[in-house]
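Paired with chain B in one complex and with chain C in the other, chain A is shared by the two complexes that follow.
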Partner chain A sequence: MNYLSSNPILVEKHVILSDSEADVLLKKFKITPDKLPKIYDNDPQILKIKGKPGQIVAIERDDDGKKYTYYRLIIKKGSI
Partner chain B sequence: MAAKKENEISIKNVDVQYGEPVGVVAAQSMGEPSTQMVLRTFHSAGIATTISSGLPRVIELVDARKKQASPTMIVPLDPKIKKNYDAVKKLAKKFQEVRIKDVILKHIENLKESKLELVLSKSKMEDNMLTEDQIIEKLTKKFSGISIEKKSNHLIISQKKAKDIHSTRIAFVHIMDFQLSGIKGINKAVIMQNDDESFYIFTSGSNISEAMQLEGVLSESIYSTDPFDVLKSYGVEAARNAIAYELKNTMQHEGVKVDFRHMGLIADSMTLTGTIIGVGRHGLAGTKASVFARAAYEETVKHFVNASIFGESDPLKGVSENVLIGKQIHVGTGLVKLAIKKEDLKKIKAEE
Partner chain C sequence: MQAEIIDNIKFTTLSPDTIKKMSVAKLIVADTYNEDGYPIDGGLMDQRLGVIDPGLKCKTCGGRAKSCMGHFGHIELVRPVIHPEFARFIYMLLQSTCEKCNRVMLSKELADDVKLALKEINLNADEQKEELLFNDIVKKLKTLKKCPYCGTEQHKRKFERPTFFYLNGETIKPDTIRDWLENIPDEDLISIGIDPKATRPEWLILSVLLVPPVNVRPSITLESGERSEDDLTHKLVEIMRINERLSQDIDAGAPQIIIDDLWELLQYHVTTYFNNETPGVPVARHRSTKPLKTLAQRLKGKEGRLRYNLSGKRVNFSARSVISSDASLTINQVGVPMKIASVMTIPLYVTKWNIEAAKKFIMNPDYPKALNVISKSGIRKRVTETNREDLVASLEPGDIVERQLMDNDIVLFNRQPTLHRLSIMAHRVKVMPGKTFRIQVSAAYPYNADYDGDEMNLHVPQTLEAQAEAIYMMQPKNLMLSARHGQPVFYAEEDEIAGLYFITKGDTYYTKDEAALMLSYIGIFDLPEESENGLYNGKSIISMLFPKDFNFTGNNLKGPVVIKNGKLIEGILDSKMIGEKGSTLISKLFIDYGPDFIERFILNLTKLSLRAVYKRGLTVSVKDYLVTNEMINERERIIKEVEDKANKIIEGYNDRTLDALPGYTRKQTMTTLLFAQLSEARDIAGKYLNKTMNTTNNAFLLASIGARGSIMNVIQMSMLLGQQSVRGKRPSRGYSGRVLPYFRKNDKDPRAKGFVTSCFFEGLTPTDFFEHAMGARDSAATKSLVTAVSGYMYRRLVNAMMDFYISDDKSVRGSGMELIQPIYGGDGVDPMYVNVESDK
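And now, the complex of A and B:
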């Protein structure tokens, strides 16, 4: 077992989307922001990039070699 | 017209067709192989025996139990020390939890005089890099109401103020259980070797947040099998990966092959709200919008009574509520609705 060469739970970079980027994204999927998966504002990764509630983060995922982008909406902890 | 063409292309180029019940497919893809897993259980030798596997492990992950049966950690080390066995050994010692009861040969409780006599073991203390003075210092720092006397390798602990037998006994139990060094929750740290002759540390018990603080540890890439520990230290996205890969590893270990996308979908829906929730009635199934869907699953009466008290309405958009009332489900071809202009309908009727 050699986990160290590729630790699968290593988190990819979280990037905050600008307002215009977020608009394009929401138009593409035809949804409102509250339909997106959530992430808390006190999440270690969000604290690192200083995200604020209401912003959308893009996460570059790598599932078993398949690459895609996942989006999460930052919310205040305890608001849902 | 342009928008229509664009939509047509985006519908045709998808990997999964619109309306495909991916959740049901994922559930069945995980469920069918797990019925085979029960019948043949492997027995492996060594430290791996303590790791729970098979169906109990899958249930544990999917239910999102806070207290796991046997969490483990794989700690990668700094390139500077990872080929130096002595340095790694020293570091591994810092992981393992050492309590008073681990460094003594025997103890004598004298409740009548409220005295506790500890016989320290030199070799055990050396093993864990502790000295008598350090132990005494740590004990006096933690417990204010005791005085410690040292006689060769004997430590005699007595209460400053006389107390009744019951509280004295409780105090002694706390002293015996006092943590001298190491990380809380880790009861074993083993040094393992990679193919390229570098070392890493394998622990039974998981506590990422404290392991990150140690020098010589690659703090950003510790692997843990406890999703809640990962959630606390690395965030929800890492916890999602931890659940998905743990499910994958468990299934792989049993010799059944399940596509990763199914496990990924389960992990995605478990971490949808920003934290980990289980799949059962206290988790995902309990958060469904429809009253009928919740009532069809578990605790039927409770849900109907609550719904009537709060005047809930049901939009009948899910699968189980439509099955329940005998309507077509909104999945696959059932998703498509027929639309017709009123004038056209009149024309058709006139023709008839």
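And now, the complex of A and C:
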């Protein structure tokens, strides 16, 4: 069974940030990418959107009506 | 300042050469001091290893006892011994190398494969994979029958704890092992995960033993003038003694058996020197049978160097005593015994503005006096009768005067376990007679303290910065609202709630004298508005506590409460208004009038309410739980009602008209429904009591205003105990098919399965008694288990998250600025400031 082809309604939307968007984000929080929360490159959602290590994903969360965006840095599995 | 980032740390072993290079002295005498108490040259207390006696000079660096931090020495062992902590590792090496040519038994092709795999792993820095790879290799090597290089047939290696090795059933001694390990080529070692530059395997066999400096193992002089050596020194003396004997016996050409025995003894001493708790080794003991504390014991465990000395520290300027309560203190104060206040000091930093005050402290012979004066150059002098004048004369701005603790000084007060920030708060000192710390009754809640012997710690902040931080961030009056749910953490309890009920219930009137006296206790010397009958209503007396412009509407446990222009118009103040069940009134007053007002208010409320309850008197007696005929009839009716309903469910199960609930079998459905149905009996009884009982019954009164106890207590004492539960179900275990042998097997009757119909007042029937005991044991066991498990989980969570903070941009950051949450809680809302409408 290929779980990537299914459409899980419970998983938040993951979007890869463009380089310029990433710059804005890092400037806003005054940090370097390694200070962001991490996500493995073999995470099902990252495989689905074809994320590469070093890119930043925006995760659109909806916590009981409270909408906010979470950010994670894609890293290679095993590099930590 | 940006801290450097540590890339990696590499641990290696010391080679004999390194040890000799580190060492300043080769030790040859197995003794410490001579008869004159002078360190023996070449002994274990050799002065080249540093000095601990004052007056002597270190022969290596010339430093004195305080300035020389010691130097390492070494012992040359005549026969090598196994390093016990590396025994398993040595076994692994023996297994993976050939017994004849001593090469790692990887064939050429395999070795190339390993090299390739290693390259990739290094590229990805995958340590887990690296470990797995080496584990795999060693596992494979163990099973080889023949060396791929010299073709020698391999025999079985055996390892016996702690340090014995056998090849084909015959002992191999450490010197043979060392030769074997020495012979393994460097390039072979890499393929089993050893860096030969850092650690050559033969270094794991000790031929030179490093001796720590004397500062590491100081001897102590007892009062009798006797010297007592450190455990490590004892052990080292023994190692040297055996070493010496071994050397003599070898020179004298003693038989091999004797030499081997001594050699084994040497091995034993070295093993226990490293770790006196090595499995399979008898523990080395003092003459008093107390086990020796050797190297590993110094570091390991709760009392070890790491957890005891590095993670946990002792502090000065602290005190500890039993706590007791005092209703005349404010929540912001702490009562400190005179005994403690006169010993603890607070620094007074002398300036030209306070120099006169400082001089007064020095001159004062009694209580608020100065204990020490620290001059600008840092010299500390004790203030005595004789030097008082001199100290005053030489006092100048920049000096520090250490004076005794006085009223209104700021101190930190703490109760363990320190689970949250409210477990340490800053109080103002109130010096008192007695020996216990006193706190306001309501201040106990955030500390989770009671007065049955609890002890608490007190710390005196010594710098102005620390004092300022304590004042601004840690005073109880500023911490009224819980950061968890935004409700007050200081509120009235028990007697205070009862007292407030009596004052505010509406038909309580006080004479002019009584009213004036009550109000004078809280420093109010005006009288409230007189009522028509010429007396003073309790409601108007309590209204004196509110600001004139205070308006409030809310609900207590019974109905609405209205305060208009600082006057209590309607309703009583119960536990929902000012107690544990919400305390909405306190929360509103705090938000509207601030910390200083609330500090006063809680004090006045406590004093006034306690005064009122003392005045009226309140007691609970057996009479309050008396079972009347009426109650007996009602109980019979309730029991019949629920049992009839229960029997209907059983009937439905028996004639198959009862349908299963989703996800349950029919039998499960029946038990669930029965349990729910029978549990209702107590609720019905509660409703009946609520209807028939009134406030002339003190037990019922206390429960209904939330002062103490609950309706459930009254129900269980006067009506019935109700359905018992074991593991959330009706009791079902004990004997086969029944709870007690009194019942028939597979009896479904409510009373056979824990429906207890008697009450505490009348006494329990034997079967009821046992069924109740089952439920009681179950809940006691669950309770203790749940608190232990959840407490541990909470501690782990706090330890993991303790240095997170909310940054000024509302994001949550870790200690290194790393982003944990882009916005706190997803909405940036602090629960402390969320207005919780407890009625909703």
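The rule we apply is simple: the second predicted complex is superposed on the first by the 71 of 80 C-alpha atoms of A that agree within 3 Å, B and C clash if a C-alpha of one lies under 4 Å from a C-alpha of the other, contacts with A are read in each partner's own complex, and residues count from 1 in each chain.
In this text, a residue touches a chain if its C-beta (ideal position, glycine included) is under 8 Å from a C-beta of that chain, and two chains touch if they have at least 3 such contacts.
Bear in mind the structure is a predicted one, so any value in this text is a computation, not a measurement.
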{"item": "Partner chain in contact with A:38 - chain B first, chain C second, else both or neither", "value": "first"}
{"item": "Partner chain(s) touched by A:29 [first = chain B, second = chain C, both, neither]", "value": "second"}
{"item": "Touched partner set for A:50, first chain B, second chain C, both or neither", "value": "neither"}
{"item": "Touched partner set for A:75, first chain B, second chain C, both or neither", "value": "first"}
{"item": "Touched partner set for A:63, first chain B, second chain C, both or neither", "value": "both"}
{"item": "Partner contacting more residues of chain A (chain B vs chain C)", "value": "B"}
{"item": "Residues on chain A lying within both footprints (that of chain B and that of chain C)", "value": "37, 63, 70"}
{"item": "Parts of chain A lying in touch with chain C, wherever the complex brings them together", "value": "29-31, 35-37, 61, 63, 66, 68-71, 76, 78-79"}
{"item": "Chain A-facing residues of chain C, complex", "value": "124-126, 128-129, 809, 811, 816-823, 826-827"}
{"item": "For the chain A and chain B complex, residues of the former touching the latter", "value": "2-4, 7-12, 14, 37-40, 43-46, 59, 63-64, 70, 72, 75, 77, 80"}
{"item": "Chain A-touching residues of chain B, taken from the complex the two chains share", "value": "74, 76, 194-195, 198, 200, 220-221, 223-224, 230, 233-238, 241-242, 244-245, 260-261, 264, 268, 271-275"}
